[in-house]
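You will see two complexes here that share chain A, one where it goes with chain B and one where it goes with chain C.
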Partner chain A sequence: MRKSILIIILFLAQIPSINGQESRMVPIKEGTFVPLYGATAKKPVNVRSFYIDVYPITNSEYLSFIKKNPSFSKSKIKGIFADKSYLSYWKSDFDFGNANPKSPVANVSWFAAKKYCECQGKRLPTMDEWEYVAMADEKKIDARTKAEFNKYILSWYEKSKTYENPIGKTFQNYWGVYDMHGLVWEWTADFNSIFLSGESRKDKSQDKNLFCGAASVNATDLMDYAAFMRYAFRGSLKAQYSTRNLGFRCASTTKL
Partner chain B sequence: MKKSIITFFILLVTLQSCKDSKKEATKPVAKTKEITDLSIYNLPSQWTTQDGKNIELKSLKGNVLVMVMIYTSCKAACPRLVADMRDIEKKLDLKTKKNVKLILVSIDPKTDTPQKLKAFAIANNMNQNPWIFLRSTEDNTREFAAVLAVNYKQISPMEFSHSNIISVFNPDGELIFQQEGLGVNNNETIERINQEAQKI
Partner chain C sequence: MKKKYKISSQIRIFFFTICTIMIVSSCKKETTPSDYTKIITDGQMEAELTAPPKVPKPIGNRSAMKLKVNMEIKEQEGIMTDGVKYTYWTFGGSVPGSFIRTRVGDEVEFHLKNHPDNKLPHNIDLHAVTGPGGGASSSLVAPGHEKVFSFKVINPGLYVYHCATAPVGMHIANGMYGLILVEPEGGLPPVDKEYYVMQGDFYTQGEYGAKGLQPFDMNKAVKETPDYVVFNGKVGSLTNGNELTAKVGETVRLFVGNGGPNLVSSFHVIGEIFDNVHVEGGALINKNVQTTLIPAGGSAIVDFKVETPGNFIIVDHSIFRAFNKGALGILKVEGNENKKIYSGTIQEGIYLPEGGTIQNMPVVKTAKTAIPKRTIAEKIKIGKEIFGTTCFACHQSEGQGIPHAFPPLAKSDYLNADSKRAIKTILHGLSGEVTVNGEKFNSIMPAQNLSDDEIANVMTYIYNSWGNNKTEVTPEMVKSQR
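Entry: the complex of A and B
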């Protein structure tokens, strides 16, 4: 009995800390890894130590950003910075309607996400940084070879509407970061450095002309299908795009 | 302690700079037209030319812009991209050519200093109108590429992989046409540039 009360108290004590510290960051230690894409000749990429948000940005956090920066509201944002689907599930400029305040904000363009982070004195994580954090499960820095880990990610890809869930309900990984998998996909600073076979709609024989050096940017392990999906998705994005299952979180090189 | 004060001030400055500036709204309306929603002139980034001159993209307003992203130490595609740009220049309508700027934007600002761009411009006989070379910070470059839907990635200290796209902007700075690939037929590109240049 006493134990369960204690648990309840501990649980209650945690709620305000989660509420108040959505923008909390944790340090990520320097390390190397071989990303699925982008390494030359399968050489490991070095990721310098940095800080990353524990959670993706929520609807309520995004709302307070828009209140300070109305030019990024649904009706005011310039066409060059976001397409028509920008915040499409919001009711109006300063009202996210029925969406959960603690759910990740989605339907945001890369420009808007970038601006949001800049306003916090932060930046978007690079793709290498994001993938480096995302390869950790609860216990290991690199869990990519674990079958269950890959199964977990792939089974999420099949679930619908996970973007309606609140933040912090998936597992906490080795670094103390939540929701890298299982909630929403996330923008990265250099999402536009992906070279898959051009656009899948295009004639493949043209690729040699579309991309210079494409041959040296090959996949390192095609078995990693989950990561392949992420890179393919990024490769299909343009900075003005916004979709319902794409959110973001911020990073920082220095401690804030 | 000192460091944290400095950090605090830096943070203060960045936080302020990200707020919507109200000053611009109160500025007296100049005779120039407002910048349209889809215009690249909405980008506040600063760029440096091969002559070391600092400019905002806005200063190019009123011209038809033909832009391509390259890096000067490139051995593979860029020489061909540059050749494609020269070919476009050769075919432009002489009567309206003065309204067109052909711009090469560096995707390797670390290496491509203004001096380096200048040397490249001279070596390729492109150090005069209508040619302009531009470089900025890596961040601004990434953002500009995002607007152009140009993808690029550094794959080794000296090499970048990048999309081969030549973009055409109207005098308002709106993207109106893109030519993708190397050595492709440029009839439509020329036609669109000449059409827009005639309107000025």
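Entry: the complex of A and C
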């Protein structure tokens, strides 16, 4: 009897987190835009239509993933897939401690995030896809020239511990997506395709065919310093890294 | 006779040539620098790091070592000036960052740690590093991570370090700079006091003094129009009880840096002459210097002996920065007066070649923000800050004024008799003879370009200090006198 109650409680507890609102996806229409980096000769890139999670993955969602894939738990994960700070704020393998279940999961490596999305039949968004969705404010597909929008993004850098906030409290953008700015940074599938070397002032050598990043010389908008910081942040990462301000969400090419 | 002369002249030429060769070759010997890359390190130690204005202990004549530097990057909120907050990005928790002290030949093992709660990646470019990016290319570090690289310091001098992560200017503008000293063999000549002073310019969305958390303003940074130009990261870091100190007869050395990001500094100590200046922080020593130019991303080592007591005001002699944007510090020297070196005032009366016209400050139209209701205590606190940057140079720290030149504000009968007149004096300036506490003054006070709120605060502070009659001045009272 006691056991069955426990099971029911566990079951009830998990309903909202697994199949609830959090993993909902919305369609993003095909379009073109000029990213800060990566567009050779400032030509726009084309983003094909795709689907993206409305919210970043939460602690409770990630916990249920780990329960099904214990090899990705804190103590079991292989060193090549995650560094020592992987889930460092979690109390133990199956307990995220005092963290808010509705807060974004952070301290997750790229390998783990990728695996998570694959287990949902999804994938990580590409950097172009992510930036494409992130350039929208409440009303416009591309709000990057709006001073207020940029101010909003930048003000986030001046607020500490935003990773403790629950998902869905920032604004809902044109596509119906939340938390692209103001909560945590997010992994993208090809986070290191634009390579800003540590020395951001010299990244202008022409021999880097693949790595066309340049902190100033090749950028399309020298005043878009919010974007500079995103690209610099991605440039500082390696796939096994995990940090307290970095979470993720998933995308999909087809409707699930 | 003629022949003899010819021979002797030939001999002379010969000797001259020999001498010249000897001088040239001996010169060569002296100027060839030692090859510090070949110095072998002996042992290992952890570097002492200090927050400004302190510096680590002198190196003296220790041998070159492997020196471990542990530096943590922290993004944290701090105070720019009273009531104004700013999110600083710091090396070691201070602006400027921790002072690093080394000697030539040291091998520095640098551990750069990015605090897990930080939002951004950072790196470090040390101008003392001979290598790509000054270390920046090997040190880009994500939050919650640590990067280690090492370098050998092979040039003696005082060098700037800073963050070089995109957008570079913003990282520097937020305070990510500091100094690393590379002492020559045997160390620098000993002095009695050593201090660390570094200038920086800051760009905020609100104008100077606008309250609350002020975000960084990239437009102002690109235009190079800072709201604040300060020493050691904030207004008042070297005043209001944080003065640098020395005693009469002591020698003082200042390690001065300029983090920029934009402005060059005309570094000057009012009432002192630098006995020695390591020009641009290098080996060239200039003597008897009044003002030394410190480029953005550059430095200078200055030293001087203090012979007389008093407050010596440290400024950027691009002078509006000092009195209007915060670049003001104080070296407080205590000890006995030396009348032979400085007599004090012996002349009475003022000579005014331009005549007694009132000078005006240009009035800048700025967007009016609603003035919040303030308690007397808040007014006094804000007013004290304004006094420290605007009034203090003439009327002095305790409102005592300067005899025969600037009237006292402390227990001032002139001030206490009529607050409207006092408000007008600040608003419109004052010239001509006035009698304060029985003494006649005949000087010019220029009109001050302060807001109603600022005048109300500073006057409330003055009226509630030094035995005055505790009048509370409101912005409305100021407005009615405009």
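Details
Quick note on the criterion: the second predicted complex is superposed on the first by the 216 of 256 C-alpha atoms of A that agree within 3 Å, B and C clash if a C-alpha of one lies under 4 Å from a C-alpha of the other, contacts with A are read in each partner's own complex, and residues count from 1 in each chain.
Heads up, the rule we're going with is that contacts are C-beta pairs under 8 Å (C-beta built on N, C-alpha and C of every residue); 3 or more make two chains touch, one makes a residue touch a chain.
These numbers come from a predicted model, not from an experiment.
In the superposed pair of complexes, A:256 makes contact with chain B only, with no contact to chain C. After overlaying the two complexes on the shared chain, residue contacts for A:239 are found with chain B alone; chain C is out of touch. Residue contacts after overlaying the shared chain place A:154 against chain C, while chain B stays out of touching range. By the touch criterion defined above, A:95 reaches neither chain B nor chain C.
Residue contacts after overlaying the shared chain place A:110 against chain B, while chain C stays out of touching range. After overlaying the two complexes on the shared chain, residue contacts for A:79 are found with chain B alone; chain C is out of touch. By the touch criterion defined above, A:30 reaches neither chain B nor chain C. Look at A:138: by the touch rule set out above, it reaches neither chain B nor chain C. Touched by chain B in one complex and by chain C in the other are residues 216, 235 of chain A.
Those residues of chain B lying in contact with chain A across their complex are 7, 10-11, 14-15, 18-20, 37-40, 42-43, 74, 76-78, 142-143, 145-147, 149-153, 155-156, 159-164, 180-184. Contacts from chain A toward chain B in the complex involve residues 38, 40, 68-71, 78-81, 110-111, 114-115, 118-119, 121, 189-190, 192-195, 206, 209-214, 216-217, 235, 238-239, 254, 256. Contact residues on chain A toward chain C in their complex (touch as defined above): 83, 85, 88, 107, 151, 154-158, 160-161, 185, 196-202, 215-216, 223, 225, 228-229, 231-233, 235-237, 241-246.
Chain contact summary for the complex, chain C toward chain A: residues 75-77, 87, 116-121, 123, 125, 132-133, 136-145, 164-168, 170, 213, 215-216, 218-219, 222.
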